[in-house]
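Here's a structure for you.
Each chain gets a letter, A, B, C and D, in the order it is written, and its residues are counted from 1.
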Amino acid sequence: MAILDVAGLRYSYDGIATVLRDVSFSVPAGSIVGLIGPNGSGKSTLIKTVLDLLSLQAGVVTVGGHAHGSPAATAQAAYLASNDYLPQFLTAREYVHTLGRLYGVRVDDDAARDLFSRFSMQGRYDDLIEDYSHGMRKKTQLVSALLLRRPLTIIDETLNGIDLEALHLAEQQLRGLRDEGHAVLLCTHDFSLLERLAERIVFLDLGEIVAEGPTAELVAEHGSLAELVFDRLDSETRAS
Amino acid sequence: MAILDVAGLRYSYDGIATVLRDVSFSVPAGSIVGLIGPNGSGKSTLIKTVLDLLSLQAGVVTVGGHAHGSPAATAQAAYLASNDYLPQFLTAREYVHTLGRLYGVRVDDDAARDLFSRFSMQGRYDDLIEDYSHGMRKKTQLVSALLLRRPLTIIDETLNGIDLEALHLAEQQLRGLRDEGHAVLLCTHDFSLLERLAERIVFLDLGEIVAEGPTAELVAEHGSLAELVFDRLDSETRAS
Amino acid sequence: MAILDVAGLRYSYDGIATVLRDVSFSVPAGSIVGLIGPNGSGKSTLIKTVLDLLSLQAGVVTVGGHAHGSPAATAQAAYLASNDYLPQFLTAREYVHTLGRLYGVRVDDDAARDLFSRFSMQGRYDDLIEDYSHGMRKKTQLVSALLLRRPLTIIDETLNGIDLEALHLAEQQLRGLRDEGHAVLLCTHDFSLLERLAERIVFLDLGEIVAEGPTAELVAEHGSLAELVFDRLDSETRAS
Amino acid sequence: MAILDVAGLRYSYDGIATVLRDVSFSVPAGSIVGLIGPNGSGKSTLIKTVLDLLSLQAGVVTVGGHAHGSPAATAQAAYLASNDYLPQFLTAREYVHTLGRLYGVRVDDDAARDLFSRFSMQGRYDDLIEDYSHGMRKKTQLVSALLLRRPLTIIDETLNGIDLEALHLAEQQLRGLRDEGHAVLLCTHDFSLLERLAERIVFLDLGEIVAEGPTAELVAEHGSLAELVFDRLDSETRAS
C-alpha cells in the first residue's frame, strides 16, 4: 500500500511558468524514499502540494488513502524543515503538545524526555526553545516527528549539520519508523545518507522525474547517486 | 468593551513554582496597552495562557467576549513573536494565506503587496522567506498582523531592531488598528515606544501586577516609565 | 579632549552617490554620545570609516588623538554589532582572549567570569558560543567590550532585544566606562535609552548632520527625541 | 611536501581532561584530506591549535613549513566555519578586502564578481551581508576562500545545506585549489562528499587517530566510510 501517492501532478505559477509536469511516484508503507532535486526542480512545489500548502491544479495526490486537501490527509503527514523553524517562545514540551493537539496525537512526556536524553539534550525538555542552540533545534524537530509517528514523515534537509552521533541515532530511529510500517520521504543531497537509508530514489529536475527506482539499481547503473546527479547537472540536455 | 479580559489568573508549574498570582487587567477595544515584565515576571505564561498554549488553572480569561480555550477566542488573537519565527520554505504570499485560512480571514494580495512596498520590500512578496534578511522577516510578521486585523494583536518585542522608518510606519499602522476599534497588547522595554503608543501600562513582576494605569499618570508620578521600572528592579522589596 | 574627532568628512561611492557631506562632530572623553540615523543617513559609512574598514576620502578622523588608518587609532576602538556576530566555534573565553591579543589587552578571566555571572550566564564562560542563545551572544559582545575597556566603544543597536535586567545592568556598566573617562558612541533608536544615557545627540540624515547638541536641550526644544526624529522623517524638506 | 604537519600533538584542559593524545598526521601539498570526528573527538581543539587560537602544549605543528604561532604560519591558513559567521554590517566586497588585508593578499574584484555570479549571487557583491540569506552567507565564505587561495584551506562543515548546484561547483573549485598545489582539510560527515573529494582520511575519536589512510583503501576494507565510522561508534572499545 502506498502512504503517499502522486499521479500526474502538474503545477504552474500564474499559468505561465510550469514547475511540475506530469509527476507520478509513490511512497509505500514501510519504506524510506529519497527525493533529490536541485534548485528549480519543483521539489518545493511538490512538497507544498503534499502538505496542502498549495492547492492541486492537475493530477491526484493521496496521503494515507485520503484525498488531497481533506483534513484526514493533512493529519497523516509530519514535516521537518531544513531550517530550525520552531516557535522560540515555547518550551519543547509546550511545542510537542501543541503539535500533538494539531495532529490529534497524545504526546507521552516520558517518551519525549527519553528521546531528549538519547539525543544528548537531557534536562532541557522544559527549557525555552529560544535558549537552544541550532543543533538542539534540529534535534527537537526530529524528536517531535519521532513522537508523532505519522504515517508519512517528510524530512527536508533536516539532518544537515547535526552532529555525527545524532545522525547515527536519527538513522536508527528512522529505520524504526519504517519497520513499524510508516513511510519516510527523505529530501537531501547527502548521497551517502540516501544510499544508507533509502530503498528507492526519485530524482526530480526541471519539473520532471528524470530517474526513479531502487537505490541499489541506480547505484549499480551509474556508479553512485552523486554520479547520476552530477552527470545530469553537467549534461547537454539540461543546458539546452 | 474589553477585547481581552483577564481576572484572577493564577498559574503554577507542577503545583510548586507559582508564576502568576491573582493577575487581573483588561485591554479595551480601541486601545493600545503596554505590558512590561522582566525575566521571571510571568509575562510569557500570561501570553501563552491568552493564546491557549497553556490551559487555565484558576481565573477567567476572555478574548473578544469568548471564553478561554474556545475556538472563537483563539481566532480573535494574532501573535507577533520577538524572534523572526516564520516558515522559511514558504513565500510571504503562501504564509499570509496559510494564516488567513487558520483565522478564517480572506487575505487581499493587493493590500499585502501595498504593505510590502510601504515597508520597503517591494517585489519580494513572492520570494521564499528563506531568502529574506532578519529585518524583512520582522516586517513580514508585522504585515501579516496588519492584514489579519484581529480584534486583539499581541506584539512581543517584535519592533526591536527594525529600522527607524519601518518603526515610524509601524507606529502609524498600529494607531490605525486602534482607531478601527481593535486592541493591541504591546510587550516591549523600549519605554519611549510605550510612552508614544500605549494609553495604559501593565507592569508585571514576580507574578503580580506591581503598577497599572494610564501611561500619562504613571509618567507624571515616576518621572518616566524607565524610572518606574528600574526603581522597582533596584528595590529592597524585590531583593528580599 | 575628544576621543573621537570627525571633521569635514565626505564620502561617495564610485564618485557618484554622495553618502556623507561635510560631517563634523566629536565624542569627548568621559561622555556618551547618541548617534541617530535612518536608512540612507550615512551612519554605516561613518562608523566603517571610524573603524578603518573604509578609507578616508576627504576630511579628518582621529581616534584617541591618532590619525585615521594608523594601527594606534584602530586599537582604540571596540565595536559591538547589532547582530550577534561572534565566532561560534570558540568558547567565550577563547573569544575574549583572541580579542585581547588583537587589541593588546590582557584579559582577566576572573573579571570575565564575574561579568558572566552578573549578566545571568554563570558557568557558561567555557562553553562554545555555538551553544549560546541569541540573548547570550548579545550579552557576550557586551561583556567583551567591558573587558577590553577601549577609549572608544561603539555600540550599534546591540542592546535591542536583550532582557530588561541585562539592559539595566548594561546601562550601569556603560556609565562606569564613562566615569573612568572612556567615550561611548551609542547608535540606537530606543529614544528612551538615549534620553537616559547620552549627554549629546548627533542626528544624521541623508549624509548630513541635521541636529546636534546636548540631549536635554534637544528634548526641551522638540518635546522628545522621537518628535525631533519623526518630524524630520515626515518633513517636506526631506521628501523633496 | 606537507602543507600542514602535526606531530605528537597533545592537549588537555586545565591539565585534567585530555582531549588530544599523541596526534600525528599531515596534509600534503596538492591534496584534499578528510577529517572525521564525533563530539568529544578533539577535532575542534585540533583545528583551533592549527589556527593558533589555542597555544601548543606538546607536539609540533607547522603550516607551510612555518612553526606554530608564527605570523607566517597563521597567514597560510584560511578557515571556513560551519556556521555562517560573517560580519553583517559589511558588504561582501568590504569583507573580502578586509580579509585580503589580514592575509596580505590583493583581492581582484572582477574575480570576486565572477565567482559571485557562478554561485548564483550575481549583482549582490556590494550588498550588505545582513541582507543575505543563510545559503548566500555560506557561499560567500566559500568565495572568500577561493579568492584568498591560501596554501591551506580548512573547511569545517561549511558545505552542509548549500544547494546542489553550489555543492557541485564548490567541489570543482576545491579540486582546482588542489590541482594548483594547495591543500584542503575537509571536515564533514557527508561521507559521500569525502569519498568523492578526499584522497586521504583522518578519523579522530576520543582524542586519538583511530583510522588513517587513503580513502580508497579504507572504503575497500570497511565497505564505506559510514561503516567504518558507525561501527566504531557502536563498538565496545568505545563504550568501555
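Just so we're on the same page, a residue touches a chain if its C-beta (ideal position, glycine included) is under 8 Å from a C-beta of that chain, and two chains touch if they have at least 3 such contacts.
Just so we're on the same page, UniProt names per chain: A, B, C, D = ABC-2 type transport system ATP-binding protein.
Here the structure is a predicted model, which is why all the values come from computation and not from measurement.
Among the remaining chains, those touching chain B and also chain D are A, C. On a Cα centroid basis, the chain most remote from chain D in this structure is B.
The pairing of chain A with chain C is characterised as same-residue: of all residue numbers used at this interface, over half are used by both copies. In this assembly, the C-alpha centroid of chain A lies 33 Å from the C-alpha centroid of chain B. Chain centres here are Cα means. That of chain A falls 44 Å from that of chain C.
If you average the Cα atoms of chain B and of chain C, the two centres end up 29 Å apart. Touching of two or more other chains is recorded for residues 82-83, 130, 134 of chain B.
Across the interface of their complex, chain A is touched by residues 44, 47-48, 53-54, 81-83, 85-90, 94, 98, 128, 130, 156 of chain B.
Listed in rising order, the residues of chain C touching chain B in the complex are 36-39, 82-83, 120, 134, 157, 160-161, 163-165, 167-168, 189-193, 195-196, 224-226, 229-230, 233. Touching chain D in their complex are the following residues of chain B: 130-135.
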